[in-house]
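Inspection log for the structure reproduced underneath, given as structure tokens.
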Amino acid sequence: MANQDLLSDQGLRLDGRRAHELRRIRCKLGVFSQPDGSAYLEQGNTKVLAAVYGPHQAPGKKSNHSEVIVNCQYSMAVFSTGERKNRPRGDRKSQEMTIHLQQTLRAAIKTELYPRSQIDVFIEVLQADGGNYCASVNAATLALIDAGICLKEYVCACTASLANGNVPLMDVSHLEEVSGGATLSVASLPSSNKIAFMEMSQRFHLDHLPKVLDHALQGCQQIMSILDKAVREHLALVGSASDWGNIAK
Amino acid sequence: MANILLSDAEKTFILHGVEEDFRCDGRTRRDYRPMELETGIVSHASGSARLRLANTDILVGIKTEIDVPSPYNIDKGKIEFFIDCSANATPEFEGRGGEELAQEISDTLAKSYQSGQAFDLRKLCILPGQQCWKLYVDILILECGGNLFDAVSLAVKAALFNTKIPRVTAALMDGGNVDLSLSDDPYDCNRIEINQIPILVTVCKIGDSCVVDPSAEEEQCSAASVVVGVSQRDNKSFLTNIHMCGVGSFHQETLESSVELGLSAAEKLDEELLIALKLEEERFGKYGKKEIFGFLR
Amino acid sequence: MSRNQRKIAGPVASTPYILFTDKLNKPAKLKKRRDGRKDDEQRQIYVKLGVTSQAKGSAYLEMGQTKVIVSVLDPREIPKQNRKSLDGEIQCELKYAPFACQGKSSAELGANEKSLSIALKKSLLPAVCRHEFTNFQIDILIYVLQDDGSVLSAAINCAGLALIDGGIPMYDIITSTTVGVQGDRILLDPTASEEDICKGSSCFNAEHGIVVAARLESHAQTTEFYHIGYILPEKFKKISEYIFSKNEDIAKIVKQALVQKVKEHVVKKGNKDEASN
């Protein structure tokens, strides 16, 4: 079984990580000047750009008088995958991803604060190496914060899988996704321990679910602290002109 | 392009600035904005480049594939341009909104590469009539701050410079089928000759004068512009393509003088680009590992 | 090549028969023009106005073997748009007849149709008084019956006539000319095979190129100038002067056709009046 190879006897994975380790996350807020908020996030070799426009007036038909409309678009650069993609968006997979993102972000945004408005969140995957959904959610969170949109709290996403039939793996890469077993993607609101979105790609026994889920949630928790640090650093940088820098430290 | 709302007063201000040869950002009519260029930043692609021209952000990825040559041109490889206007640039590009603009740019680019002297497709042929390389040049527009044509053409040229085509070590004819073996060594590869590859320069007519490298605001003030494709060969500049955009029209003299302006700008730009590319390669060695800045800077 | 499934399925791998003829062994250089014209000789032009009865304005134009028919539909409100536009819009749709040219795949033709439509729209926009029909759009349908070179020029000339025939307010008569460059020679109004040679994807040493220009005659304004190929800047100057002088000849033909049309109309009206009296 290919499943066996995911974790070596020494407890190391294909890329040299341990089972409970995340890939390196690097991120930056405010990469572009035209959108109201933008962010770039690298999770290992998965690289994602997110841009947020709004809140702005919603077009007549769609307008909702009680809460904001969250409009997402997920697209992948045609050169982002190993094999060239034919088109960047509009295929089933990206449409599904768009809906998932919409659902996740609606859970985090204080939608009731912006009635009759719309927030556009555009995701562009520049390089795909597993966990595209998670990187997109994490980047979107940063972009929303950069745009100054009220969130209930950070929304973070992480994947987890099961190796060797019983060892849970955190933050699955593309190679592990393809050769391994089931992948569980979870988006959570870590501070209040809520789950905003959950999806599984294959089956495994119900008994394994708690520990895999636990791993994914732990991953979310860790990602949150990384994002939080990035946001604080960004704010210190942005505010240093007005001497916040010293206060933040 | 990006929808920027300008009042009449703002337009007049820009117009007067151009007339005085002192534009809003302090440039003269013949000045370019600062550019940043980085090559080799997409690991899944054979070649890539990212160019940032003030606010305009372009990412180019080139992928290579083995294909069968067209029966009409059996000794030539193929090149295909695809432009994606990301919605990140402006919400107008959401869904299919950017397709018309993308089509226009990729058409112009393909036309300026069409001449055999501008881009020699014979070099991409492996076995005439049997196998050839196909280059997919995929361009992603991440932010538009004006002057897309110039930025795209420069980024594509840089990405082509960065492209590494694996070397074919052996070809076996087995019946009618060809069996190619490619070199396993990632450093054993062919490069593309880029000296004569054309670049595009947009000359924008604002009021009665013409400027190069218009910003998004300046583009709003202009009714017509002309894109000039220039290729260098044997120390001479050749025009590979001229293309007019916008809803307005040109007087014959204005057209001629703006083509001249575009030509001189292109010569200088081309020279600078080659210097920058060589410098980057020298600094990091031909295939040396270097740190990728990407969007983190 | 894309295959139409409803048709009889051919073999999976097929080769166009043209490849076996000597047509493919095109000369890289041109000696004499095949139709015996001089380099600066325009092909015969035939024009007819008001050819389709359903359209508001229409025209048919032949330039040698290149044949196009253009219909201009009544202005209508711009559909599906959020904000009101102050200027009217033009919508151009150029289509090739399935039998219009030989040896081109349908994908190739489709791409060609798209880029020609865009070029056509751009060259017509400055000619039309768009402020006269706020928030309305004019649909222009162009059908290429046969493609034997200089299609864009033929389409622009014909569309200009059809717009006038439809009574759309315009600033000026719009005319267009194509020239091909091959080495030192400048060929006026090239045919399809001459165009292929001038495009010169197989030309590796000499100057070559295609230039199309559209112009508003009495304002001396260029609405479209399009060049592909590989030429020196000095040559460009020469060509631009040449092409504009040749444009005037086309304008004469266009004017003649319009005058003819008005004359016919007056005669017809006179006859009608007589009959009613």
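Letters A, B and C mark the chains as written, and numbering starts fresh at 1 in each.
In the analysis below, a residue touches a chain if its C-beta (ideal position, glycine included) is under 8 Å from a C-beta of that chain, and two chains touch if they have at least 3 such contacts.
In UniProt terms the chains read A = Exosome complex component RRP41; B = Ribosomal RNA-processing protein 42; C = Exoribonuclease phosphorolytic domain-containing protein.
Here the structure is a predicted model, which is why all the values come from computation and not from measurement.
Novice: Among the chains here, which has the CA centroid at the largest distance from subunit B's centroid?
Specialist: A
Novice: Grab the C-alpha centre of each chain and report whichever is closest to the global C-alpha centre.
Specialist: That would be B.
Novice: Nearest whole angstrom, what separates the Cα centre of subunit A from the Cα centre of subunit C?
Specialist: 51
Novice: What whole-number Å value describes the gap between the mean CA coordinates of subunit B and subunit C?
Specialist: Computed from C-alpha means, the inter-chain centre distance equals 29 Å.
Novice: Where the centres are mean C-alpha positions, what is the separation of subunit A from subunit B, in Å?
Specialist: Here subunit A and subunit B have centroids separated by 32 Å.
Novice: With touch defined as at the start, can you tell me which subunit B residues reach subunit C in the complex?
Specialist: 71-73, 76, 100, 103-104, 107, 111-112, 114-118, 120-121, 226, 231, 236-252, 255-256, 259-260, 263
Novice: Looking at the complex, which residues from subunit A come into contact with subunit B?
Specialist: My answer: residues 26, 28, 31-35, 38, 40, 42, 45, 47, 49-51, 53, 71, 73, 75, 77-82, 84, 88-90, 120, 122, 124, 126-128.
Novice: Given the complex with subunit A, which residues does subunit B contribute to the contact?
Specialist: For this pair, the touching residues of subunit B are 2, 42-45, 48, 55, 57, 59, 61-63, 65, 82, 84, 86-91, 94-95, 136, 138, 140, 142-145, 294-296.
Novice: Can you list the residues on subunit C that touch subunit B in the complex?
Specialist: 15-16, 19, 24, 103, 114-115, 118, 122, 125-126, 199-205, 207-209, 211, 216, 220-233, 236-237, 240, 244
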